[in-house]
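This report refers to the structure that appears directly beneath it.
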Amino acid sequence: MPALSEVIAALEALWPPGQAEQWDAVGTVCGDTGNPEARVERVLFAVDPVQEVVDEAVRLGADLLVTHHPLYLRGTTTVAASTFKGRVVHTLIRNGIALHVAHTNADRADPGVSDALAGALGLRVTAPLVPDTDDPAGRRGLGRICELDEPVTLAAFAERAASRLPATAAGIRVAGDPEREVRTVAVCGGSGDSLFDVVRAAGADVYVTADLRHHPASEAQQQAAMPTGGGPALLDAAHWATEWPWTEQAAAQLDEISDRHGWNLRTHVSRTVTDPWTAHVASSSANPPPATGAGDTDTPGAPR
Amino acid sequence: MPALSEVIAALEALWPPGQAEQWDAVGTVCGDTGNPEARVERVLFAVDPVQEVVDEAVRLGADLLVTHHPLYLRGTTTVAASTFKGRVVHTLIRNGIALHVAHTNADRADPGVSDALAGALGLRVTAPLVPDTDDPAGRRGLGRICELDEPVTLAAFAERAASRLPATAAGIRVAGDPEREVRTVAVCGGSGDSLFDVVRAAGADVYVTADLRHHPASEAQQQAAMPTGGGPALLDAAHWATEWPWTEQAAAQLDEISDRHGWNLRTHVSRTVTDPWTAHVASSSANPPPATGAGDTDTPGAPR
Amino acid sequence: MPALSEVIAALEALWPPGQAEQWDAVGTVCGDTGNPEARVERVLFAVDPVQEVVDEAVRLGADLLVTHHPLYLRGTTTVAASTFKGRVVHTLIRNGIALHVAHTNADRADPGVSDALAGALGLRVTAPLVPDTDDPAGRRGLGRICELDEPVTLAAFAERAASRLPATAAGIRVAGDPEREVRTVAVCGGSGDSLFDVVRAAGADVYVTADLRHHPASEAQQQAAMPTGGGPALLDAAHWATEWPWTEQAAAQLDEISDRHGWNLRTHVSRTVTDPWTAHVASSSANPPPATGAGDTDTPGAPR
Amino acid sequence: MPALSEVIAALEALWPPGQAEQWDAVGTVCGDTGNPEARVERVLFAVDPVQEVVDEAVRLGADLLVTHHPLYLRGTTTVAASTFKGRVVHTLIRNGIALHVAHTNADRADPGVSDALAGALGLRVTAPLVPDTDDPAGRRGLGRICELDEPVTLAAFAERAASRLPATAAGIRVAGDPEREVRTVAVCGGSGDSLFDVVRAAGADVYVTADLRHHPASEAQQQAAMPTGGGPALLDAAHWATEWPWTEQAAAQLDEISDRHGWNLRTHVSRTVTDPWTAHVASSSANPPPATGAGDTDTPGAPR
Amino acid sequence: MPALSEVIAALEALWPPGQAEQWDAVGTVCGDTGNPEARVERVLFAVDPVQEVVDEAVRLGADLLVTHHPLYLRGTTTVAASTFKGRVVHTLIRNGIALHVAHTNADRADPGVSDALAGALGLRVTAPLVPDTDDPAGRRGLGRICELDEPVTLAAFAERAASRLPATAAGIRVAGDPEREVRTVAVCGGSGDSLFDVVRAAGADVYVTADLRHHPASEAQQQAAMPTGGGPALLDAAHWATEWPWTEQAAAQLDEISDRHGWNLRTHVSRTVTDPWTAHVASSSANPPPATGAGDTDTPGAPR
Amino acid sequence: MPALSEVIAALEALWPPGQAEQWDAVGTVCGDTGNPEARVERVLFAVDPVQEVVDEAVRLGADLLVTHHPLYLRGTTTVAASTFKGRVVHTLIRNGIALHVAHTNADRADPGVSDALAGALGLRVTAPLVPDTDDPAGRRGLGRICELDEPVTLAAFAERAASRLPATAAGIRVAGDPEREVRTVAVCGGSGDSLFDVVRAAGADVYVTADLRHHPASEAQQQAAMPTGGGPALLDAAHWATEWPWTEQAAAQLDEISDRHGWNLRTHVSRTVTDPWTAHVASSSANPPPATGAGDTDTPGAPR
């Protein structure tokens, strides 16, 4: 059984903390890393360090939990168990489980979060959307530009995404002409609304990401509709679903290291869906009625 | 036919610009307001000042477009028609159509955007979520706390919302136990993630708003799941759908003023759906497989 | 007749928007630049995009107005015609006139605003005052250092400026010994009070600029009067007058391009004086009486 | 002979330092205020603490110099005599002369700098432009609104100003219709461009101040020219000339105090003109030629 | 045995978290406060939440540690045990010990940290140095002004402090004339260099505080030496020593509450000296030699 | 006798002002540097520009005072003699004494302040703690890393410091195990708490600096006590005592220059102790009693 410090060192080699964004909070959050007696036998990978996942780690007997999202992105001055994050800390420490976070350093790694997303969608990656300036190989960076081997319609591509990404209640939202031909695909696991400009510059036909809100999505669509030119269609999946493929990829990376060192680690991937949305209901309203020529607007109070 | 300046004065009495948030950009954005010759016969109300809506105003022969969202929330130094917002300005001016915006001043008005949303959902409003400190009547402010006459389950309430809000492709996302009994409802038209704390303090059973992202929604759900207590279930509808009821309410308010002054205005409500999402696809993935006791996590590479 | 987009491209080649200061707002402000049908036959050049100039463009039948000053240096959220800048926008769009601005990018160009000013004053330019670091030729940058072929007195140089710069009601203010010999001249079209330090370092005998206020001018003169050393005399002309020579230079540049492409453009230079000062009145006060030895100060209330 | 500390106390009662703006630097700048032996016999009042004025104080044998402008508005970390302000400090200390500054506290006092300016112009003060909120009498504050007993034309009013303000080389600049009738006058000694909005709200026919630059003056004139409404004509005098009347007023105030206490002070008012501009030259250019109908613009290169 | 939540509520009533400074981080930092099963039998009070103190709490079998200093004054994103603060968190949680902090809320309370310090020195408190504006009784606030019943010399007062404050290796530093008579004493437990101005305004003869550095202490002494007036002598004790008396006071307050409720709590006060300085060595240098008239300065290299 | 400007030029060559920190205020603060008649015969070097030192300069007949600490680190808007710094300015100017400051430029120079400190302690300097990036020789920068020829115990090293640094009332505070072996020593004249991280990274056994406060010192000691590793012991001497060795070094440097130029300067080093602390009293308290096994904590009110 390897020491905790050895496993942490392996994780930091895969996703160097120094490659995270400055505002990010990555690395080891909890656990007895300085204690040479601390050993690791089981490791659980997950997207979110929430109580359900920590309880799963306890049930599994895991010694180490590796998550994509930080427990405390902004600094805390308390870990009292009356807060839900403090309760996570108490559960971890009482059960001797360490927590390690690889967030934007995993986003930008080679392979990274968006490589796993592209892989899940069956896409061929050609380059990062925002390449790291210090990577001569040109493979590290935020987001990925990808190609489909055969062009398909936007509608068909959305069906493909729905069948290949892990299932969530919320499903996938699409913006654009269903018949539009799609060949070049930009992907960014997690919240991608800050990358619209580079996505457009990359000439993507569709952009797959998460957490798009009304104003950025509306402005992207207005821009796309300009006569002078384009801009991508949009696919908005569940944030969790776009990042979950990374947990399988990461577990496989650690397995390979474990084999190489003869560590005999047992790695697990959490299948708990931590997307907060638990149901989706389609609109059943007849309101507003569909536009029908001259009748596409009307006076309230008038009979409809 | 009233002068443009008279109609604008009526709109500013309904939604005083001084009651908007400091960061907001409300009031008259375009049009010949200083010209005493400028007259108004037709008025169109809409949520978004986008090209489709402006084209609708042109087709209708409207003299004035009233929208909830600002055209320029942040200041611009150009209105060149090569930008999609500049194209809106050019279309408006060439067709002699004025544009007036009532945004956070309409949110906080009595009645306001969230009153219209509550009305559409058949709820009885009891108070604002964040009351304006300078309103002795206690009716103005952001969001609304409401009561249902009869408690229903969360699932039934979600069905009600789906059948009463205007239809959108994206539908409604729900977070919480479908059997949870719902009686007190907090509503906030548009993006409401900044009001979680007051919603929780108000003891709401469910919160209806829009544009919720992974982290705020996830943290709200983690908080709600604490043994020491609650927090609301969540309903996330299309941003546009939560604000559209206000356009009908606003048109009716202006109709009433028109009748009182004998203006003979013709008011219209746009039925163009400007929610950017044009399709929704449900997940059809078998990935990750449902948790089955000990098998709820597994090792990648192992046979599944 | 060239397309509007072709003419704009020519202007942007002369004065690349990327060479403007970060705080500046240059480029195309108004007009149908994305429309391939939009054509240009007449172009008017002016310093200020004010209503009188826009009315002149309408009378001329111009398709394009090019000004030095931005219409909106700070972003606006409204172009309502009740504001004087919104009235400009409405007039431009109703009359199909585009507006393009070249401000600090024209200041720093080769040739730029201060080259035109130097030319009007009959000076030989030797270098920029603040050279652009990325111009190997050393010709671009803010302000210019110049030489007179023959030294003259400050009084004579001021007379020369008064006879060569376009006439304004305000005339020219001078600070310094009228007999001082002047050979090296620093010039900066428009407000130049931020360049005092480089002007002094350049060893200029006189500095020609505009908009100098009491404190910077007073401090420059106090510094100049130090026994240990110098500093320039000052000539403060009307802001408009120091920048107007650029409009002739710019029109000639576009003429040359038009000839080269066979565009047959008709370029015009506005002769409307847009300096705000419409009259100047010389002091006729006997107050305070001239200093006369011991009597150069006195006690109020005492007979004078 | 009073102690220096007694005279300073009297000055601070006239212009309490606590009533200065937060960014200002008023009070005693130099001198042996803590020394009970320090006495005052002669006091010199001036606008600017410049070397010429300090030399005048030395020649007079003054013990105290009182100026309107601070020596160091921004803090200094050196008083070395190689700087022109350090030279002032060395001259003052070597000659035993104290320096006291009353700047924005004198602007806002009752009577204040703008009262003296109004008095010099023969105007009847009705109220401050920006009243101090803590003055129940409503007399303290920035700027003054005044009335003329008989309305006069703008041209006549400008002549009056030229004959009543102390003479400077720069004279007075005027913006507006010379025949405009003037009755309500706003005055603000020194740089007044931050008060345009309150001047307009006060309904002033003309605004007398100093240091106006192109953009604020141009925008004020564009606003004044709007069909919907007015705004003042402008008179821009030398900064020094608008504040010099205060030195006479201040000397008389201290004389009165001296008489009351039997101090037998000798007060003097500096007549040194410290406006930096030493000459004015009227435009003698024929450029650009006056507008003559169709010929009001032309093509460069064409014969003129 | 009371519930943890009951004891925390009692502590928050003594030192309301809302009365802490905005930058401070007080309240419960660790522990199972939301768990109704969590009980408290033993409480340890200490100044610093350092490992030695936490180990003492473990040895004692304490359920709750109450400290004056925050564990995390600035927010943390990790509690990994490889950091010394994370090691504290791990030790606390593994041993089921809660941590509660009362810092600036205890400083400003009635009685507060400086009351305990005054009591230890045998002083009679007359008022806070910086009274809380919302305390009508005038007893809450930062620091305390105190009186000695009989005036003593500064030297005698320093001896008193050395014999009454808890012993530390560093002892006490004194600045001022040893024969100066001391009657009014200002005290501020912990770092007090921000209160010099109010101490001086209060007319204190001596100021007892901690953590004074060269520049503030030097400036205070220079100010005190001005012929025009005073300012206090200074006593700089160990930071820990000035705050330790509060731990006894606080324990007695909780004992009294425990008796009132019949809780039967066992309260303890830590006697571990957590001042970081473990030794003090007096200067034994002959360098620089004492001043002896003309010889008080010399030329390096000259024989001494 | 050299001109003042020549001597200043020599000082600026030794400690170039451009090598000071951006926030610092170095160079000539007072004196007639621009006057070619100003001559220098005697120069006094000292740490602090306080009144006692200036009086010493007057008594000596010095023409120039050179200090390490700035008179005005933050800018001043007054030099009135009622402030203690203004009194210094008045004394200097009345007595014709110039003041020159070399602060962080002297800290970072080669040799610099910490070289002098290392020399006083008999240490061999190996490198700066924070090397200047633009010094190819690697000798300039903040602080110094040093070696002892023979390792000694911390207790012995503290005795050495006490016997070699100039004597002050406050003496030296020590943190760490007295038996710890010390070989590598980090030194930083003046306040050194910002350099803890580089000191630790340099592997120093002890850190000699000044002005350490409770929290940084406590955190350094907690870090040093971590099982995983070290961190230095601490020696906190009087701020003045750590910088005084530089005055001797600086005087010798100027002597050498004087000899080279045949200036015949007379340089002096002030022996006035300007450390603000004038006495030290050791703790004589029996409070708290020493820990004795189980009795190391107790209940207040219980008999002791």
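Letters A, B, C, D, E and F mark the chains in the order given here, with residues in each chain numbered from 1 onward.
The definition used in the following text is that a contact is a pair of C-beta atoms (placed from the backbone, for glycine too) under 8 Å apart; a residue touches a chain by one contact, two chains touch by 3 or more.
Just so you know, these numbers come straight off a predicted model, no measurement behind them.
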item	value
For chain A and chain C, chains touching each	B, F
Listed chain pair D-E, C-D or A-C that repeats interface A-B [over half of contact pairs the same by residue number]	C-D
Chain B and chain D: spacing of chain centres that average the CA atoms, whole Å	53
Mean-CA-position distance for chain E and chain C (Å)	64
Inter-chain centre distance, chain B versus chain C - centres from mean C-alpha coordinates, in Å	48
Approximate Å spacing (C-alpha centroids) for the pair chain E, chain F	28
Per-residue multi-chain contacts in chain C, two or more chains	34, 82, 87, 226, 228
Contact pairs between chains, per stated definition	A-B, A-C, A-E, A-F, B-C, B-D, B-E, C-D, C-F, D-E, D-F, E-F
Sites on chain A touched by chain B in the complex	44, 48, 50-51, 56, 60, 69, 82, 84-85, 87, 155, 158-159, 161-176, 178, 190-191, 210-211, 213-215, 217-223, 225-226, 228, 234, 236, 238-241, 244, 248, 251-252, 255, 266-291, 296-301
Contact set on chain D toward chain E in their complex	34
Touching residues (chain side chain E, partner chain D) in the complex	226-228
List of chain F residues in touch with chain D within their complex	25, 27-35, 70-82, 86-87, 89-90, 93-94, 98
